[in-house]
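Given below, in the form of structure tokens, are the structures.
First chain A sits with chain B, and in the next complex the same chain sits with chain C.
On to the complex of A and B.
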């Protein structure tokens, strides 16, 4: 672990940017049809519960990251094996997000550019930032958070004043009851994007005031959840469910629909800016988690040394995980949530918390007696 | 790796990537498209017509010379078995890369819309990231779609601009046409319980004459482009054209009327009083309690009396109330006629089905499979109109009253 500290506000900002990440760009929770925004909000509640688990673990071991305290909880051998799997998990998801990012730019803006060129550029920036450490990422976050907010608010204002919102598209509410909504929550929104906050189990030890972790975390999650739900509701009311379920990037189509005063149109650049900013943070934070996980597991003192080799692996992985975009999306929506996210985000941390709870109680009793 | 070698590596990497965009094209390598159209020829191939802007001839004015000598647009027609093939075949005729991002108009021919259905050609347009989802769509009425793009126009030098501008203003001031975007068309096509309507455009005059520069050198053009009716679709196929009042009725029920005029007869004189609707709100609601849903159309219109050709006492509030009643009847009849004709056409262009869906999803499930042909055409539609006369321009009574008193 590097010696660095981030403030509670910086944590909030990082969680916000991280969660917003790819979630505002894809047709999130569209299986719930016009109630997608509701599925996002319920997913947010679940995400807060998950954050409580990660936070409780953090309060038992406030100075070490996830991959290290699982070795204390489960013993050296089992803990190390599991920690290795976590590193793989973080790497894989980093590669997935990087792929998402590259594909997005190619489909929407650079149809003739190879994926490799897109990803190389992003990896170079990410590796450079990671070498500078978490403090730099956090400070970049503070700056870009304001820019994202400005972009977001101006987009919402533009969409409202150009009069393209048809709230009737959001009706009928709960057409087929709560069941499809709940199903979407447990197959998608709980894990992506909210469960992904597990990355912060690796970053929480850098917080300078442990007491504020819960508050900052929940605020960051809550804010991002509200923004994602708002954007989904806006997409649905502008485009309608049919169009969203047929598009890769509904938010792009929403922005393209803006026509105001005859000259404010084709504002695709808004989408591009938010893609690049949010994508950058998601990739950086995931990558950072896999980096310190690796350093920790193999006892490497200077984790920055790992940035280049891991970056290379990340680059190759991002291009080889799927041979086409459909495969990539299918895996992302059908396979990853249940078979990858569910165990790594919910089951294992839950078990860890239970074991840690009993272990700590035993130790406390020993101390008391 | 030392710090130096890393920075060297970064610099080299940047040189290869930052020097420019991957597939950069300079402005003089681009052919900027202002409008495209799709026709079908006898062999069943698609004919794509592309209207390209000649930048130097648009500028005119200050640069002097340039403008006026040759047309502001150049038109090419290409054929292909698919829309995209036609697009690529264009490269054998055009020396520059076709650039779609400024194309704001897509024209489909009546033939394609009637025979194959419009859904056959839309996908290529929706999928392309370069084409705007907000491009306006029109149907060429009584003419080939390609010919519509070939005619030169005055005032607006680029014909596509002229078409879009005309659409915008008829929608705003007359309410007989509608600006429909590519995205709107696809949205209504895929929506359950709503069918598309698209504005029509036609050429008045000789087509060949319209292609010549002579056409725009005259004070009155021989050949002009004009809005012409509203195309009514059923399941993607064009089935009817609505003109004038009928078209106005459709746009009224869709709540897209911004301003329009309503004429009243008085004292045996036809169209003696003209009422100008300044703002209106139309709401459609569905009552699904009974077996057969009932649709209610609520109209609330506000406006002024803007032309009087009879002696009527506009100072008397009672007369105004009387006028309002008459206006309500007139508007009601207009909307009822429109609904009746559309029910005979068996196509739900008003989105009544969507309304039923919203208010009672359970019931909609049973109705939707046979909505257009059975339920929609037998729907009980009730029209309720409230019309308000607010002002009467700068004058109270017309001079007709004085002349009569003399």
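On to the complex of A and C.
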């Protein structure tokens, strides 16, 4: 582990930027139709529960990351195998997010450019950033957070004053009861984007005040959840459910409908700016988690050395994980949440917590007697 | 080659004998001043190679033929009036010397009764003596005594205090620093009248022996930073320091960046303001530019004048400067990206106009922008270096080349000219020249990225820029403080400025134990409504 410290505010900002990363890009929770925003909010509650699990594990082992304390909990061999799987998991999701952004850029802006070129650039930027360490990532987050906030507020103001919001699109509320909403929560929004906060189980040990971890984490999650829900509600009210379910990138379509005073139109650049910044953080943090996971697992002192080789792997992975965009989306919606996210985000951490609980109680009893 | 090596060996040997200067190689002389006057003068002549600006003048003390003295000084470095009136004349006409005295008592007598000048110092070794002599002091040798006296007579012709030409101000002190370190330090002392204003001096440069002083306010500056500055200055081992830029480049935290991590100014009020925030000033003799550490990114967008105007006006100006900085950074890049990749961003009518104009231009937008930018950079560089007399010629030629002929020849489009001139003006409007040059370099990176990947490339370069800026430190303080790490109270003094009465604390990351800047309740209030107006009314009635 590098010797670095981040503050509670920086953690909050990183969680925020990380969560909204891909969530504002895709038609999130659209199976719940016009109640997508509700599905997001319920997912947020579930995400907070998951964060409680990760935080409890963190409070047992405040100085070491996830991949290291699972070795303490499960023993060296089993723990190492599991830690290796976690590194693979982080790597795979990094590649997925990278692919998402590459595809988005190609479909929306650069139809002639090969995916490889788009991803190479992003990987170079991410590798450059990662080599500077977590403190620099956190400070970058603080600066870009301000810019994201400015963009967000101005976008919302522009959407409102251009008069394209149709609140009737959000009605009727709970048309088919609560069931489809709950189903969406447990097949999608719980894991993506909120369960992905498991990445911060790798980063929490860098926090300078352990007591503030819970507050900062929940605030960051809550803020991002509200923003995502707001954006989804805005998308639905502007575009309507039908249009969204056929659109790859509903937020882009929403922004494209902005027209104000005859000259403020086609603000695609705002969409590109906000998604690339948020996506950059998502990729960077996932990549950073896999980087320190690898360094930890193989006892590599200077984890920055790993940035280039892992970056190369990431690049190749992002190209080869799916042969085309529809395959990529299908995997992302049907396979990944249930078979990848569920075990890695919920089941394993839950089991770890239970074992850690009993282990620590035993040790405490020993100490007391 | 061989002779060189031999020489080196010799030098090593002489180093072992703890002596560096060539005087030691002539073995009959030690480092101590001799008793014999003629021998001493011989040493001076020998070591200075009989340089003609050395004045060696024998003086008979109080017309007393027994006490032979000689004064030595360097023409031009001393104040002639002081030397003539208070030194030579005082020594010649001194009446108290008529009685018989021993030669040992002469020294004390000269110090106490004869010389009518403030600073006087006894010297016994040559190195010290030459340092004094070179800095403009006058040396008195006395026959038969192995002690020389150094009288402070520094003076000579110097540029007087003038208005700053690089940091022009509308409101505020007009005086700027000069080349003399003593004058500069005194100018700051006149502003901050506290004994806590501490100064430490040293000489840097093996040949130039330049005076370098660090100045800080004890208690307000942070001790670790002072210690760090001392350490870095002591480490410098260079033959000459010609300008504070030499020091700056040798004590920076990071060298692989285009952004300045040390601030410099030539205005005493700017230095005073920074000292009050806990920063440390480094004065270098021979230059009006004083270094200030630690410097944060945001400091380069501020001028001392911001605090003299009211906060609303200053805030508006600072916001404008932020916009200006962004224009100077990405102006041409946006044009390239918009015309090459994202044409849909431009409103339709404007897009048609631009397309019309660009129809006859044979180059892609990037080449077009590059031609104009480089032309402009050439003109600017020429404008700085050329003699003033031909300035108007260049500006006419420049205006014609940039403005008219290039468009008529169909090399560039009129919109491009507007973009480039906007950018050029914007880059002049940044308060700090140091950061304006950085923006100039980064602008070309942005242009290149815009030409290859449009706005996506620009956003990625922007992210790299932010990451790079966040990774910098100035004397241990993160460069983007107080924006990252975010410090709420201080962030209000960045791209806007809060009212003066809101500054309760000094910057957290920079200042030392004395943190309180001003008392509570500094906000001005109107007088209690009834009392004052009523009494005035009553008087009126």
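The rule is simple: the second predicted complex is superposed on the first by the 369 of 369 C-alpha atoms of A that agree within 3 Å, B and C clash if a C-alpha of one lies under 4 Å from a C-alpha of the other, contacts with A are read in each partner's own complex, and residues count from 1 in each chain.
Heads up, the rule we're going with is that contacts are C-beta pairs under 8 Å (C-beta built on N, C-alpha and C of every residue); 3 or more make two chains touch, one makes a residue touch a chain.
Predicted, not measured: the structure shown is a model, and the values here were computed from it.
Legend: residue contacts after superposition of the two complexes on their common chain; A:321 is shown touching neither chain B nor chain C. Partner contacting the larger number of chain A residues, of chain B and chain C: C. Of the two partner chains placed by superposition, chain B and chain C are both touched by A:266. Once the two complexes are overlaid on the shared chain, A:108 sits against chain B while remaining clear of chain C. Look at A:121: by the touch rule set out above, it reaches both chain B and chain C. When the shared chain is aligned, no partner comes close enough to touch A:340: not chain B, not chain C. Of the two partner chains, neither chain B nor chain C is touched by A:329. By the touch criterion defined above, A:242 lies against chain B but remains apart from chain C after alignment on the C-alpha atoms of chain A.
Chain A residues in contact with chain B (one complex) as well as with chain C (other complex) are 109-110, 113, 117, 121, 128, 265-266.
The touching residues of chain C, when paired with chain A in their complex, are 341-342, 344-345, 347, 453-457, 459-460, 463-464, 466-467, 469-471, 478, 480, 483-486.
Those residues of chain A that touch chain B in the complex are listed here as 107-113, 117, 120-121, 124, 128, 168, 171-172, 175-176, 239-240, 242-243, 246, 253, 256-257, 259, 265-266, 308. Those residues of chain B lying in contact with chain A across their complex are 1, 10, 13, 17, 21-23, 101, 129, 132-134, 183, 186-187, 190-191, 354, 357-359, 361. By the touch criterion given at the top, residues 7, 9-10, 105, 109-110, 113, 117-118, 121-122, 125, 128-129, 132, 136-144, 146, 262-263, 265-269, 272-273, 276-277, 280 of chain A touch chain C in their complex.
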